[in-house]
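Pasting the structures in now, so scroll down.
Both of the next two complexes hold subunit A, though its partner changes from subunit B to subunit C.
Then we have the complex of A and B:
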């Protein structure tokens, strides 16, 4: 994956020279979010952002920071339980998205008798199982093939911080996302985080001060769009403060 | 029907625990306002207030109508607050939430009923014609502290506003346009401002200018309206837990200090704006205002 410095605006045509040159000629070109194919062979952008390509997967897409979260299958999200119905919990991802459902049995080792009790306004770290345009998204806290939770489930303690959707995506992308602030902090302080694609970051640092400092550091990197140098400075300052 | 997004149980517990340790989430002191910004529009009577992430725009407009039959010597002044869905998904046009009703009533009591504006000066011909002044409050972004921000916005806009001058000959009144005569400022008797106090742990801890998350966790609110001369215009408290009389006195003392600071801030901003408009230094000569 490579994020080029090409900034594109809606309506721009993507020249074929910037498309990925696949090693395997048979693999069809995949268009990701923000791109549209007009037959026979024109590709135009629909949003403003940076063009990203992946030669191995023969994929091209636009990295952009949008304000509104649209659920799509496979996303990790932090959901807030609204209420409990007969078979499932009704959850809210963001105030602007339709409510999502989380079945009572979609937890590790849950049966009719041992299903977890979640009260209104508690937080759950979950994966989006399916999300269609017409139906409300369905969540799950368990990998259907293995029956294991893989770290998903109710979140206890800590607090959540609002981050931009672009930041959440970069944090989840790991090293490729170019966010090193959490790694830098984890060398000296112990804490737990969960990143939701719906623009939420859950942090538990064991005590109030650590939790706050970590959440604020990520928010600062997000709001000021700091590069690696800037992030290192933030890490240094935060660690000195602790 | 959209609802206000409630804070999660984790956040609620976190905020309460932090307050016990005397920490606010944004690192402010308990008696500190968020950074306040005030800008005026190109037109007279438009004030844009930003209090942290909360943003409120107030606009004053004027019209000529017949005065109310029971108040022949008074002009008309009304405050209209509107919560736009842009500010929060919980707001809907045409379906006022409780917060909207409370905001309107508080502003009404704080500004209109405390006689901040001399409505008699809006009268043109007794019983026949008067100015009808309207203050529109638009909530653009909602992160708590709406009452405080709206009150600042309306008061700043009122002080910034200039109404057209009028010439009366017998029963004939002529409104003079801006080109003919420089418009004149309103006659404002005092500047009331609201300060909202949020109480936690049965009144043990009291915060000024809570943000949205803190507002949702609080047990109750006390709204104190004062002017910079230290006169209390109203104390509003809608149910909730009880407050010790001593704590209330303490609140009023704090409010008095905060109101003085904010009044001073508004004054400096108004002077800055006046200086910007006074390009050739001719404002003093143009003024049609009657010296009292």
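Then we have the complex of A and C:
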């Protein structure tokens, strides 16, 4: 991921010289969040942030870490069940937004008789199946092609921690995100985490102390924007306290 | 010297900004896109709600008037069609006014308006609401003495000293140099208005899209508002991306 530090304001036109020069000419240009296309060939920004490009994927987007989570298809989210309707659960992704629907049958091996019983305020790790501005987002807990859950489903036990949207993206990006605090902690303690793109981190450490300590450590890395050295220090301090 | 800004400091709001300039201090917060009341829902557009809260007491017709002006201006720069059936809620709390504000004897909603407009734009940027362009706003006062030069973004003290005033003008420009809002008060001729408008455009918009050279900054001591906005966004990006360089 190459990040050029081009600062952009809404309404700025992206000159074609800053667009990625694709190695494969046939690959169409992909516009990520924060950009809009005005036909025939004008690309205008809609949010303030830094312009980022990827030559391999022929993609361009705006990097920003503020504002509310906007659902987009394919994102992994932690949803809170609000209520159960006739054929689906109504789930909340972010406060004060219209509920997302999660069909009763969108779980691994679910049939009319064996569908999961989820009560209000229970947590579900789900993938956004489709999200458009015309309808409320739809969630699913199975891969439609294989019928397997791939780790998605109801989250039992544990606690949810709020993290910034950028931190959630970094955690899901793997090595590119530069977050090593979880790997460091996992060398000594066992725990489970789930990361939702809607700015939620679910942690289950088996007991309350471990759960809280791990959640707080990630929040600290997020708030203070710690680099690798800083994260190692956090890991050392946390492990000493346990 | 440009206005002072703190961005994204309220942690319960989706976006926020505190703006301090010439003794005026305004806190702006934006929530959105959120669920809209059924009666306000528009099938193809987002609803924009603006609340202005005075420094003391409850809102009066003056605040309602400001809300209407802000609402109409902001709705034209928010890409409401990209987030239909949602609500963008903008709350502006006036924290402090300059002491001289109440004794100015001029239309005080005009002296306040540019600050409210700039604050709401900053809060919208902080909330990453899709916008079609940016907005910058400035106040211009024309004293009644002959051959007096118009005052550009004057402080309340300047206004008191320059009394009696002939007219007050508020201009707001978009990023592509289009006039978005004009509110004028007092008596003035078309030529006077034209001069004031040109003066405001120079401050609000960047010179013809060319990078501002060092010489120009010295020339206009006020600084350029678009340039100032870019600096604010640069600081925001630097803060968001500091993990990349942190060790």
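Just so it is clear, the second predicted complex is superposed on the first by the 218 of 242 C-alpha atoms of A that agree within 3 Å, B and C clash if a C-alpha of one lies under 4 Å from a C-alpha of the other, contacts with A are read in each partner's own complex, and residues count from 1 in each chain.
Here is the rule we go by: a residue touches a chain if its C-beta (ideal position, glycine included) is under 8 Å from a C-beta of that chain, and two chains touch if they have at least 3 such contacts.
Please read all numbers here as calculations on a predicted model, not as lab measurements.
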Does subunit B (first) or subunit C (second) touch A:159, or do both, or does neither? first
According to the stated criteria, A:48 is in contact with first (subunit B), second (subunit C), both, or neither; which is it? second
Examine A:74 and indicate which partner it touches, taking first as subunit B and second as subunit C; both and neither are also allowed. neither
Based on the superposed arrangement, let me know which partner A:230 touches: subunit B (first), subunit C (second), both, or neither? second
Partner chain(s) touched by A:133 [first = subunit B, second = subunit C, both, neither]: second
Would you sort A:208 into first (subunit B), second (subunit C), both or neither based on which partner it touches? first
Could you look at A:98 and tell me whether it touches subunit B, subunit C, both or neither (first, second, both, neither)? second
In the superposed model, which partner reaches more residues of subunit A, subunit B or subunit C? C
Under the contact rule defined above, give the subunit A residues that sit at the interface with subunit B and also at the interface with subunit C. 96
Can you list the subunit C residues touching subunit A in their complex? 8, 14-15, 31-35, 77, 79, 82-86, 125-134, 174-176, 226, 229-230, 233-234, 236-237, 239-247
Interfacial residue positions of subunit B with respect to subunit A in the complex: 2, 5-15, 17-18, 21, 23, 25, 27, 88-90
Show which residues of subunit A lie in contact with subunit B when the two form their complex. 80, 92, 95-96, 119-123, 155-160, 202, 208-209, 211-212, 216
List the residues on subunit A that touch subunit C in their complex, please. 3, 5, 7-12, 34, 36, 44, 46-50, 63-68, 70, 96-98, 133-134, 166, 170, 178, 225-230
